[in-house]
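To start, the structure itself, in structure tokens.
Which chain is which? They are A, B and C, in the order written, and residues in each are numbered from 1.
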Amino acid sequence: MARFYLENGKVAAFIGHLQQQKTVYAPHRKGRNAFAFAPVDRPQDVVLDYPRTVSSIKRYFLPPREELLSFNLVENTCEQPVVAPLDAVFLGVHSYDVHAVLKLDHNFVSGNPERNYLTRRQGALIVGVGFTPDRFHFSGSVGVPAGDTTGCDLFLHPCEGGYALEALTPDGEGLVAGFPLPAHTAGLPAAAPFHQHIYVPQAKLKDVLAHGYDSEVWEEEAEKCTSCGTCNLVCPTCYCFDVEDAVDITVTRGSRERRWDGCLLRSFTEVAGGEVFREEPAARQRHRVFRKFKYISDETGEPWCVGCGRCTASCTAGISIVSIVNRLVNDHDAVKA
Amino acid sequence: MGTNLDIKVHHLTRVEGHGDIVVNMRDGVLEKARLEIVEAPRYFEAMLKGRNFHEAAIITSRICGICSLGHQMTSFKATEQALGLEVSEQTVLLRKLLVHGATIQSNVLHALFLAAPDFLKVGSVFPLVGTHPEVVKAALRMKRLANDIGEVISGRAVHPISCVPGGFTQLPSAKSLAVLRERLEQQMLPDLVFAADVVATLAGEIPDFTRETEFISLRSDDDYALYDGDICSTDTGRVPDREYRRMSNEFIVPHSTSKHCKVNRSSYMVGALARWNNNHDRLCPEALGVAAKLGLKPGCHNPFMNTVAQVVESVHCCLDAMAVLDRLLAAGIRDEVPNQDPTRHGTGIGATEVPRGILYHEYTYDRQGRITAANCIIPTGQNLANIDDDMVKLVPEVVDRGEAAIAHLLEMLVRAYDPCISCSVHMLDVKFTR
Amino acid sequence: MANKPRVGIFDFTGCEGCELNQLNFEDQLLDILEHVEIVEWREAMDGRAESLDIAFVEGALSTPDCIKRIHEIRRKSKVLVALGACAVQGGINALKNIRPIEQVREEVYGQDKYLFPTLPALPLSAVVKVDVNIRGCPMTQLEFLKVFTALVMGKAPVEPGNAVCTECKLKDNECVYEKGMICLGPVTRAGCDAQCPTFGQYCTGCRGLVPEPNVEAMEEILVAHGLSMDDARKKLQMFNANQLEGVS
């Protein structure tokens, strides 16, 4: 399909053009040094060159807190809130976050289809953007180069003076229609290199992790870990949740709320009667890594980690998923050698 | 044969903290009439010693939940003076707004929830929910909005979050400030006028009692001094804040875990009535109108009128908060980072008018910005001697009314001062030796 | 409701800010009064009660008189709720426990120290059985209402056990460490909706440590972000001096 040249000076106007068609969500500055997706108010506030957002666009399809139903204790009735397709454009999404959404699609379609998520996902268009890997990104090692356009309707390849805007779907072409842009004829600049790598491909990790089940690395990393759960909650492919009923002060009405949860949290493994089924922080640490590289991956043949680096960049204790996996690779190879 | 009285009110109600009223009269001779402070001491000096300057206000705000904002502001001023931290005009304006919010919330709480039940002859605000619902609802609305000022600007009205030495960790949006401005004008002002009308109907219930005393508060040239100013006495005039020790003169009495204070007489009064007596000429016309309606005149020596003075100054706080908001909104909110780079070390003093009166904090910091010495002088502690002196004059005047009535009148007297007993037993006056 | 639960509110050593927060329920106070009868509350009303369904108790225990009174309250109450950091953990008062008590008393009162009996500042649970904790300095109204509703319905309230970090992440907050500051969020109990980080401040740990906290790991994190080990301990002690010493 077509490729246009969008010079830097026209980016704000292009965002304005998108705003006329749909709600636009894009990265903004948040706090002093962070970035987060937010609905666009003023196009000039959008930041397209950013390392990573605090969390991914997952939060718009699977909200951090969500009312599943409301009930009335006096009338003994309940009703589910109406969930509508988002009908929005997600602008400036990095390739790994698009892959993460595709993985969540897989998780939420399989088994019992997740109605709320799948409904919201309908009509959401994605405009990807390339990025320069920093010291935490490693998506190249899990099959997601910075310029990968899978799952996008449009993609912004950074180039001299602006972006090469690539239309990938009819929906994407529709978004550009009516905004005159010259064709982009030059080649695309070579992708910037990654600074973090997992040493081996997923095909080999299957054996590596099976071998590493009883590794000392879990205990060693757990000693540094406060079990705060940040690694789970910033992960774009984690989807675990907790559900709690709350009754309001009138004691007649209430609601059932779903909110994000994570397997590093002790309370996550606590069940009725007070039993904690994964008591040791080391076991929880192992479970997290196995969820990303083994349990789902053994079925799908793909890593369930997209290499965004959020868990490592956000860990105050400096625990690195890449270091853990590479350590297991080395241990495995040392034994097999 | 003269009268015998034996009054002991254990753990006085509807005040913040724990105090007992004790009166003994034998054959018409008053042996004892005083407020005994029995609040458990907190040992704040043990908490402050060696602490970093970032933490001073976090700790001292916990001296008292009701006065937490006042302690924070005073603490920041002392720390900033000691460490040479300049703050921006925007920071000062936002702090003044916070002070207005805290003053209104505290004054409304006291006048309508804690003191009004006395005039309406009930034991608490709760019966008023049924008998005077419109008063309770107006009071709740005013408290809500006053607290919202704290929440919008500092995250929380009790133990505020985002104000720190040198500025604010996060700034409110212009939009949220504009909403506050609108609500102050549309809701707060009419509610305050309504509250003043309610108080006017109760004015006949305010006891007629006068004892000449000294009044001390801040005073400044350009506004009704709350956030900043010189120390001013009705007896001797203005002195700079560095003379605060001479202007408070703490001393220990055996019947109180809180120290007492005196300056030019055996006692002095601080609080809304002191501010009124010193600064009525700095109030806006609307507040002066309310004062006239409520019969509050300059040079008022009736401590029961303190509650009335609180209502009057709340009107001023509301209007001045609107003016401060106009200035902030006209200038636009600048995204500033708190100035936390000390330029010197040593001792600094903060003096601020908090709802109950003038509050002083003094800290000494070492080169690393750690506290080596600290002193706080609390309004309620300054009022204790004055309360005792009032009791000694008041009891003989009403001796014929019987113990129960006298006890009730004395409770009303103490409550009129809106005492904050948690604050008064901070016991924070220690030089640390290393 | 025919028989409204009889409620009492009490205070010990503390700032009474949690009680003040109850008086600050401007929007819900009238609803609350629909469901319960407040029969004893010194800060707001006259009168004493003989027996109570629910006692909300604020403040730490720090004098012999406190110990006597908390036993009395426990005896006359069916459910005892510890209200705020002082009652739950001893709170900021427990900072005095770090140094020898005699030394502290002498510093403050000099030769008059024997006039004022004092004990280490203790959480209520060190002396009597506590049924429910409402944490925080001050307690949050949101959590109070949740616990209150559960008690009125006769249900056991759920006490949050996750770290404050979880609430920051749900709100998409910038990590406090990202700003170049330190924060106790990783080991502090959630339930405040990460109020302080949301307003640009660091978490001071006022809600107490999470269950089974990895304190050594937290100290290492603080040291890795520029604090001395001594300062790291001081930061952790601010609201949790008792818990770090094993008092609870």
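FYI, a residue touches a chain if its C-beta (ideal position, glycine included) is under 8 Å from a C-beta of that chain, and two chains touch if they have at least 3 such contacts.
On a predicted model such as this, the values are computed, not experimentally measured, just so you know.
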Fill in the blank from the handout: Chains in contact with chain B and also with chain C, listed by label, are none
Practice task
Please list the single chain whose C-alpha centre lies closest to the global protein C-alpha centre.
Solution key: C
Problem - From chain A, the most remote chain by mean C-alpha position - result: B
Problem - Computed distance of Cα centres, chain C from chain B, in Å - result: 25
Exercise for the section: Could you tell me the distance, in whole angstrom, between the mean C-alpha positions of chain A and chain B? Expected result: 51
Practice task
Would you kindly tell me how far, in whole Å, the mean C-alpha position of chain C lies from that of chain A?
Solution key: 37
Problem - Sites on chain C at which at least two other chains make contact - result: 200
Problem - chain C-facing residues of chain B, complex - result: 11, 13-18, 40-43, 45-47, 50-52, 55, 58-59, 62-66, 68, 109, 113-114, 117, 123-126, 129, 136, 140-141, 143-144, 147, 154-159, 161-162, 164, 168-170, 252, 254, 257, 422, 427, 430, 432
Exercise for the section: Using the touch rule from the top, collect the residues of chain C that touch chain B in their complex. Expected result: 11-21, 23-24, 26-27, 29-30, 33, 38, 41-47, 62-63, 65-66, 91-93, 95-96, 98-99, 104-105, 107-109, 112, 115-116, 118, 137-138, 195-196, 198-201, 204, 231, 234, 238
Completion exercise
Listed in rising order, chain A residues that touch chain C in their complex are 30-34, 36, 54-55, 59, 64-65, 223-230, 233-234, 244, 246-251, 259-260, 262, 265-267, 270, 281, 314, 316-318
Problem - Footprint of chain A on chain C - complex, ascending - result: 28, 31-32, 34-35, 145-146, 148-150, 152-153, 158, 161-163, 165-166, 169-175, 177-180, 183, 185-187, 200, 210-214, 216-218, 220-221, 224-225
